[in-house]
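What follows is a pair of complexes built around chain A, which joins chain B in one and chain C in the other.
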Partner chain A sequence: MVLPPVAVIAVFIGFPVVAAIAYTLGRAGGPNSVVASLGQRQFIVQHGVTLDAYRDVLSNDTIHRDLWATIWVTIVSTLVVVVVSWAIALYLRLADTRLARIVSALSVVPLFIPVVIASYAILTFYASDGFMRTIAYHLGWNGFPTLGFTLTCVVLAEIWVNIPFGVLMMSSGLNGVPNNLIEAARDSGASMPRVVRSILLPMNVIPTVIVGTFTAIYVLGSFTVPYLTGPTAPNLLGPTMSNFFSAFNQPQQAEVLAIVVFVFALGIGAVYVWANVRTGKRSSVAQ
Partner chain B sequence: MTMVAVARGVGRRALELVLVVSLLVFMVGPIVWLGLRAFSGLWRYPQLLPKQWTVSGWSQVFHDPNLSHSMKLSFEFAPVVTVVSAAICLPAAYAFSRYTFPGRRVLLISLFATNAFPKIGLYISMAGVFYSLNLMGTFMGVVIVQLIGTVVFMTWIPAAAFSAIPRSLEEAARDVGAGPLRVFFRVTFPLAAPAIFVAMILSFLASFDEAQGTFLVGVPNYITMPTEMYTLVLNYPEQVAAVFALLLALPSVLLMALVRKHVMGGKLAEGFQLR
Partner chain C sequence: MKRKHLGAIVVLALAVVLASVAAASSAATKRQAKTDTIVLYASGDVNVQSLWQQYIIPGFEKKNKNIKVKFIFSEHGVNDTTTLARIGAAVKQRKWPGIDLVDAGLVTTLATDGLTQPVTKATAPNIKNVDQTLLTPVKGAAIPYRGSSVVLAYDSKNVPTPPKSLGALLAWIKAHPGKFTYNSPNSGGSGYSFAETVVDSTIPANILKQMQTGYVPNLESYWKQGFDTLHSLNQYVYQGVYPNGNAAVLDLLGKGQIWVAPVWSDQSLTALKTGQLPASVHLTQIASPSFTGGAAYLGVPKSARHKVDVYKFVDYVLSPAAQTQIINVMAGFPAIPLKLMPKAIQNKFADVSANSLRPTYAQKQQSDFKAQWQQIVP
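The block that comes next holds the complex of A and B.
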């Protein structure tokens, strides 16, 4: 019964990834034969493997800049999403006012909007004739920067898209902390910041790790957001990969970039699995 | 209360309000701004609102053959993907929640690993092999690409629902003489049905809104609504793009509103913790 989905994953994810690794190492046989017969500027060997494709890609200055743009945008977006969703979730956990309910509703708005639409909407919002510049002008600030088609706009859009997941995860974690635990600490004289630091923070580590890892992986693998809101160059590796694959007809280079991004994600994913296994052990002891 | 305490209370309240208004502008502003564009005639910076209002963008969208064709395509792919996904994943969801078998945990994690791949990298790798499998630019190819994004929903949410049904209920039914199939269809399935419905809605939306993989694999034969947006933004009048964007967002807004409670209730969040 579990075979069908596992087979789908194995055939359409596992197999292509293995084939992609082989192709990037210079092997153009089997499943790669058709794509290799179409591509240009390939580094192919008949026996053994070669790292020439990796050398070619990683010595390219444009790609260097894209790589750094990707790393920076990923780090900044992830940090902001973790901090902001922590703050919102904490506010929702501790305040039970009408304002809190509004905040709760606001933070899940992006769930209702497809990413393509969101990217386009955010682009026009920060464009040269967008809302931000218009409102700044009316408030007397004529020089508000045009953020549309910049990496800043990419960061803003990535944050926007990832906030609901962050807030839902963090809220689910913080709601798991019993009220009487917080009250007991308050009764014995702990200040609110102290309660956050000593009770809520340590009890919400896993959700924090999950939000951090999944946001980072999402940003690394995003195409729509940077493609629509970002600059032509340097931009994130998502659009670069797609350009190499389709527009430049250099699929091997595109797949090298895919593998590079996978390696980043693998590192991030390892943290996630490690954190889960750790708590899995702890909770199975508790039961 | 002293004056200082009152002042501090007012200050905190003001800060709270400023933060909430900033959040409002950041989250909802872009959507409202887009909504205005869909009805704007003449609108130049730095006017706060359009000089003229019009609905001409709406008729343009419905009369453009490319755009209406992409709408039709989107409504073909999403149901197909949802049904295929349900057929493949629901039995697995049941098995994961009801049986323990060797390798269960590894298989669970491997399913979940689909989420751990940066999407665009995955689609690029898939596209490379799709040439050899004759899937590039085909209906099947697009269905498979979109299917990948639904597997996690379709397995996890129903699995959690099956697990939540007490075994004693099924045993009681069996004790009074019901066969295993009858037990499943009369007891287990009706209880899990709401969660299955939620999973199907989320899969429908995942497929309906999928753009980047469909773009890579489906172009130029299958251009769905979200992939059409890529070209629209660059090649059409802004107003037409805004109208099309609103239309594309409509199913999302309606269907998500339908399953809102389930998604917000922390069920989705729980699914992310491997067990």
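The block that comes next holds the complex of A and C.
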């Protein structure tokens, strides 16, 4: 029963990944022969492997700057998404008012808007003649910064795109906390901040880790948002990879970058797995 | 009892379906003996799509009843890389790639890598009319069928007298900070043309010729001075940003954020027609040197089927009738000499002849140019 899915994964994901890794290590035979016959600036060996392609990419100053921009944008966006979606979900959990329901509905809206449209809208919103600057100007503030085509704009757009998933995840986690636990704590005289710290926070660790890791992996590999709203340089690795692959005709370097991003994502994924295993152990001990 | 019935019905139904499929396919093969189908792959903006779909293909099929043209369109060339790999792999194995004729940027790559039929093998009489110099950058393995050029767009409301030469343009950019930009060369041809034109203006003619006709990486040191000039423009360019894509620059121009920019002639004329650009935006060409222009090429993969029919189609595309449609729909340049075109078209191009398109670098040289621009300029 398990065999067909495993075979599909092996053929459609495993095999291309192995071929791509072999190509980055300088092997251009077999499935890589077509791409190698068209690419430029390749480092090919007939026997053994070479790390020259990795050296070429990692010694490139432009890529250093792009790499740092990617890391910086990923960290900031992830932190903000986690904090904001926590705050919205908590508000929804504790205040069952009409306003809370409106907020919850609004926070999920970005889920239904295509990323391309959202990116373009955000770019126009923060442009030098955009909505924000116009409002600020009418309020008498001439110095509102033009954020269009900056990394700040990329961060804002990434947050906008990722908030719905965060809110949905956190809300379902917080809704899973039984009411009687909160009421019991309140009855024993615990303040609301204390309830949040000692009950809601520890019982919502897994959703928090999921939101954090998934948002980070999404931002790390994002293309549309930085391509449309970001500066020319430095920008995120998504557009850089695409440049190397098509415009510069350097597929080997593009695949090296893909593997660098993959290694980062692997590190983030490890956090997720570790958190799951830890909780799994704890719940099995509790039983 | 019911079970048995059900089984019988299923078997019967299967038999009927199989029989009808067999009948249909045998009918199809019979019909195919009379009618050939050639497959055309094109990529680009919607104007390319409507050119083929509404004008050229119906016109051709009306004249050639026994040839059908199947049209595959890839908007903005999103499938170009996959198609390139697919044709590459198929030609290497001498198998049919599923495509008989290609109209896309990838044709130049296919041609220079020897994956398309050389023009000398083409059985289309009209090919001899095509400007032979346009065959050099593609090693004679692709057929130019229309031209388009990069021009300077300016908003006449704010810029009554546009710069006439490259030197004047550079001076204008420095005198009007934030009112000019061009798209990053790796994201579109109009920005690429501006960057290459600035760099070309500092390179001796014989060196330039070599880079236009072949891939000579050791001449790239000549680019240094031009790239330095481009780098020095950073502080004068709109927000220090080179937006991604030809359309992003048109967008800034249309909103009045910038006043002057290099744009594609066909794309901006279409934008003027649809109102994406206000009527106050005018187009002009600069001198010494002019912006580069280029031809759009058709390529026939070496393992294409029905080559005789394909070349019949190519011959039709290069006929004065079809070329007139191309000029009207795409606002492009004809690929055949003006003297073969109708009088009205001849008058339209009295000033700019298609043959005066300034050639651009060979494909691989362009890739290196884009990579170095990204390293040095922004």
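Please note the rule applied: the second predicted complex is superposed on the first by the 270 of 287 C-alpha atoms of A that agree within 3 Å, B and C clash if a C-alpha of one lies under 4 Å from a C-alpha of the other, contacts with A are read in each partner's own complex, and residues count from 1 in each chain.
Methods note: a residue touches a chain if its C-beta (ideal position, glycine included) is under 8 Å from a C-beta of that chain, and two chains touch if they have at least 3 such contacts.
This structure is a prediction, so every number in the text was calculated from the model and none was measured.
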item: Fit or clash - chain C, chain B, common chain A; value: clash
item: Partner chain in contact with A:255 - chain B first, chain C second, else both or neither; value: first
item: A:272 touches, of chain B and chain C: first, second, both or neither?; value: first
item: First, second, both or neither for A:86, with chain B first and chain C second; value: neither
item: Contacts of A:246 with chain B and chain C, given as first, second, both or neither; value: both
item: Which of chain B and chain C A:122 touches, first, second, both or neither; value: first
item: Chain B versus chain C as contact partner of A:222, first or second or both or neither; value: first
item: First, second, both or neither for A:231, with chain B first and chain C second; value: second
item: Broader residue contact with chain A after superposition on the shared chain, chain B or chain C; value: B
item: Which superposed partner A:43 touches (first chain B, second chain C, both, neither); value: neither
item: Which of chain B and chain C A:34 touches, first, second, both or neither; value: both
item: Clash-bearing segment of chain C, relative to chain B, as chosen among 74-82, 182-190 or 326-334; value: 74-82
item: Chain A residues contacted in one complex by chain B, in the other by chain C; value: 33-35, 38, 128-129, 227-228, 245-246
item: Complex interface listing, chain B residues touching chain A; value: 16-17, 20, 23-24, 26-31, 33-34, 37, 43-48, 87-89, 91-92, 94-96, 104, 107, 109-111, 113-133, 144, 147-148, 151, 154-155, 208-209, 211-212, 215-216, 219, 226, 229-230, 233, 238, 241-242, 245-246, 248-249, 252-253, 256-257, 263-264, 266, 268-270, 272-275
item: Residues of chain A touching chain B in the complex; value: 1-6, 8-10, 12-13, 15-17, 19-20, 23, 30-35, 38, 88, 99, 102-103, 106-118, 120-125, 128-131, 133-135, 137-138, 156, 160, 163, 168-169, 171-173, 175, 206-207, 210, 214, 217-218, 220-224, 227-228, 237-238, 241-242, 245-246, 251, 254-255, 257-259, 261-262, 264-265, 269, 272-273, 276-277, 279-280
item: Residues of chain A touching chain C in the complex; value: 33-35, 37-38, 40-41, 60-62, 127-129, 146, 148-149, 227-228, 231-233, 239, 243-250
item: Residues of chain C that touch chain A when the two form their complex; value: 80-81, 84-85, 88-89, 92, 109, 113, 184-187, 239-244, 255, 257, 363-364, 367-368, 370-371, 374-375, 378
